[in-house]
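Two complexes are shown next, each including chain A; its partner changes from chain B in the first to chain C in the second.
What follows is the complex of A and B.
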């Protein structure tokens, strides 16, 4: 009795799942047959300021291009099974190109291969993917690690101990930055990485680590993988304002501190990692859809900035009205055409121009 | 007995109705719906449905396994590392071997809990860190692969939605039904309801618990293999295992398994995975911040725990 009851439930369940999936085949909503492009975006990390800005850059550039009818953004915190489902969902929605910031360099490849087979242009932004027939648009992360390390070595007079604060172990960008960083540091025998930690690219964790590790005289320099301003804040309390050089990214607050604390002896080294690389990815996507030949790898080449050398540029990168972790680079020559105001509006082509702010 | 059975059935029917409602909502948003989209749905729910089923068995037996996501990630990394570029036969043999490992890991967890008398939640929290560490050691960065023939057999190819459907339902028929019928199955409900009464009635509590953790581990192993087939790679990230573990508990609870133990089945959790999949997907398609889907899932879980508890308490008083 028990068994038959249970089995009938199982069979009923199976049947309903199948019927749910099969009987609804053919429910068709005709898509708007405009001659312009539909762009899909898959982003695996939502609620992160950098990623939000990346998405806004895609929307803003798409609106300005005049060639895009709709930008569909599937942005959420998810694992690779979830992101693969999102990619497949974009295929179903008939997009012409998919811009993907992939949480995993290879785990979405089966879904991406299906997109490529369907004739969709796939652009990997920020994080590289290993799927064939795709295009990469990203910061050159090896150069990012090397540029910051070189500037840090100089600021430390090529000697002393370094606190090395990395991102997430196993993440593509972290591995690449480490390659660049190590290649520079090994050139200088008097520079030593005496402590290596992973911040998980988490502001709170980075700040906690800095507060635990920074002690007077222990380190002569800090390299961070972008979790920068909490380290400077920790110096204010732990080192009583005796600043040591810090390598950070173009985070708004870090840019501001680099400028405002320069007079107090703080050397901030800014290596931009622009979130608006999303805008560049959109430009590359449109070029590919227009039939122009597109390089397989489109890399931005980051340069280290210091207040002593690049005062005017750093001053122009600070936006008092924006958040602390806003990525301050607002234009990429040759790629983006939006103004800062257009970027901040974050309007996709299909959005109502009146209501969206 | 009959009213309890009816109640359990009604829970499953309720879940099916919610899943059907959300499913048709989602389908109505798609320009087309065919077997390709059906496969997309199935691939979206497969790993988490299997994990929810494994978690359900352990929760019914009065425990909880916070390492179940880590077990799945470990098997995912093992499979991706060692099955890349292997022939079909070798890949199948390895699959069986890795499933045995997952059973062993589960059994070991159960053994530690039984022998140490430390709460499940503490032991499994600790083993989750160990297992993720192992996974990172085996597969330091995302990569690896799987024999394509085997992968297509498990997760289908292009529009073939039957293979993932079979992968989802087969464990239900081959593992759950025999277990439910067996002496261990009765012991499972007994120790979940009241460990001391079960012990006094002659149930070997420790052995039953070890068996349940082993079977839970097996489901985690199948989930890990399925994940490998879907993604053709292994990812050693703690964030994946944490999310998977939390979703497995949510899936079990939404599927009608009482967190207090002794009540529930496996069909419910399998169906609940559909709901967990549809909520964020629908919100996402409306351009609503996906963080809300986590709020909805969380609120739904609390609601179900509260209402389920109330109903059961009322039943007891009568």
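What follows is the complex of A and C.
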């Protein structure tokens, strides 16, 4: 089984990779001439649905690219010391590129510098890092905050009180989103953030806070940093079904509620934060390994979606068979090539190809 | 035994008054800060959100009366919620049965380790907590994959209002609370729990099978934890690893504020109910204040410490 896999990848190797190996000698392990790129992944938050999907996107895209022999994923709940150890472990395993979702923007820099010095391409995904000679692939979080705020302001007729439910105080994405959010809100003098809370990006805590804080007439709109559907659920009981607009992300259940509750007057504003940004990071990693020039910052530009304007798109984003907190964006134009089924299969190039259809 | 009871009785009347005073003061302050607080639905919600903590405190009270403590209670709650979430598509009854068995299993392990092997309850349950965190961290990507929401019926039972401010969770709490009070004050097991906590050696010499009492205490505690977990999941509509994390300290604090001795043998559930209500109003008050999370945490911790300290001073004098 492994032989046939190698044979099929060898076709790609013949047309693209072998020629590359000549130009990029030293990057690809010369001892294994027929094999292609080895990709390492370091993820500091395991057991989180969004991160799992990000890893699956990397695997699926790597399999489809035909240029990757193996994806090594080191994924666990760890601190910076642990993640640095993971990065060093990937270096010794001889990977050609490391895709890292870093828990800290600078604490892993020494390990990352070692990787860069060893000729390894380092791609930071989702969370930015300050280490030099690395590439960033992430959602534009400032634009994320601004897009949702602008759509919320419009849905609130530019007046009223906002319940502002942020993520983790001090986290890079939270700070960036706040910058975007504030830049929009300050334009409208009749909009007031009367309550600001941190959900810690935790579904349960977000739901508890919404239950505690929502009361009829108290707020006219809610902005969430992605902890969205528990807030809508709380409205069903706390506001007796009198919905106020909510900004959320492309979480499957929130997408479903935005569609199904539209007829009951609910305005859901979806600002995608695709987990499959991992697939985009893989594409950028391969481009870099192929010797193409890649930008230092590759940002996705999120756009706010409402059911009134984007009905067909929102309907297509809902996957009944997937989990509530599945990140519903399943394709990124110019970056990813997998089908939803291939993403769900979550298969790396070295995995048993039996399940391939 | 009768001396213990009268001792507890005189303490309770005096200390109860001070607990009521603290609760009313906090209530008024919260109302002044947030004028939405003094509406009937809002008070109903506050009571409703107090129920999970009240259930956790019930378990913790029973454990602490035997001289023990259960620090794995939050992860037991999380586990029960995970199990019901993942099993409910194949029938709610089976899902609840699995969650029940899970709670009994963990309670049994905790109880046997403390009762028979003589392990320190703090170390035992903290260890159990770490083990469960590990199991669920692995499970969330494998055998627990997809457990993120609660079945609708549990969401309804955890949030539905009958007539403001009376809600289904509150009714449940009234029933369970009465049962716990009956268990502790009127039943044979209740007397044994006090006896073991007061002096385990004396209880053993009097012919009490101490380990059996401890086993029962940890199983009951575990079951209350599981029930609380389902209710937290139902109220927030979502299940996650950190479901009940933030309630571990409050579950112990509510019991201590309520006057139950951490050494065992003294106290009761009435005090824990007051402690629960005080901490719930306090957390509402802090959620209303527009201050940073860190400041809120400091205020919360300081008030809990101050309450526990003043309370122990107050009751010492009497």
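As a working rule, the second predicted complex is superposed on the first by the 319 of 357 C-alpha atoms of A that agree within 3 Å, B and C clash if a C-alpha of one lies under 4 Å from a C-alpha of the other, contacts with A are read in each partner's own complex, and residues count from 1 in each chain.
Going forward, a contact is a pair of C-beta atoms (placed from the backbone, for glycine too) under 8 Å apart; a residue touches a chain by one contact, two chains touch by 3 or more.
Everything numeric in this text was worked out from a predicted model, so none of it was measured.
In the superposition on chain A, contact of A:198 is made with chain C only, not with chain B. Judged by the touch definition given at the top, the superposed model places A:77 against both chain B and chain C.
Of the two partners chain B and chain C, it is B that touches the larger number of chain A residues. Judged by the touch definition given at the top, the superposed model places A:237 against chain C, while chain B stays out of reach.
When the shared chain is aligned, chain B comes close enough to touch A:114, but chain C does not. In the superposed pair of complexes, A:46 makes contact with chain B and with chain C alike. Look at A:104: by the touch rule set out above, it reaches chain B but stays clear of chain C.
Once chain A of one complex is fitted onto chain A of the other, the partner contacts of A:169 extend to both chain B and chain C.
By the touch criterion defined above, A:291 lies against neither chain B nor chain C after alignment on the C-alpha atoms of chain A. Touching of chain A by both chain B and chain C, each in its own complex, is seen for residues 46-47, 77, 169. Interface residues of chain A facing chain C in the complex, by the touch rule stated above, are 46-47, 49, 52, 77, 169, 195-198, 200, 202-213, 215-216, 218, 229-230, 233-234, 237-238, 253, 323-325. The touching residues of chain A, when paired with chain B in their complex, are 2-3, 5-7, 9-10, 12-14, 16-18, 20-22, 24-31, 46-47, 73-82, 84-86, 88-89, 91-94, 104-110, 114, 169-170, 172, 175.
Remark: chain B residues 5, 9, 12, 16, 19-20, 23-24, 27-38, 40-44, 46-48, 136, 140-145, 151, 158, 161, 165, 169, 172-173, 177, 180-181, 227, 230-233, 235-237, 239-240, 243-244, 265, 267, 270-271, 274, 277, 280-281, 284-285, 287, 289-291, 293-294 touch chain A in the complex. Residues 36, 39, 41-42, 45, 49, 136-138, 140-141, 145-146, 148-149, 155, 159-161, 232-233, 235-243, 246, 283-284, 287-288, 290, 292-294 of chain C are the ones touching chain A in the complex.
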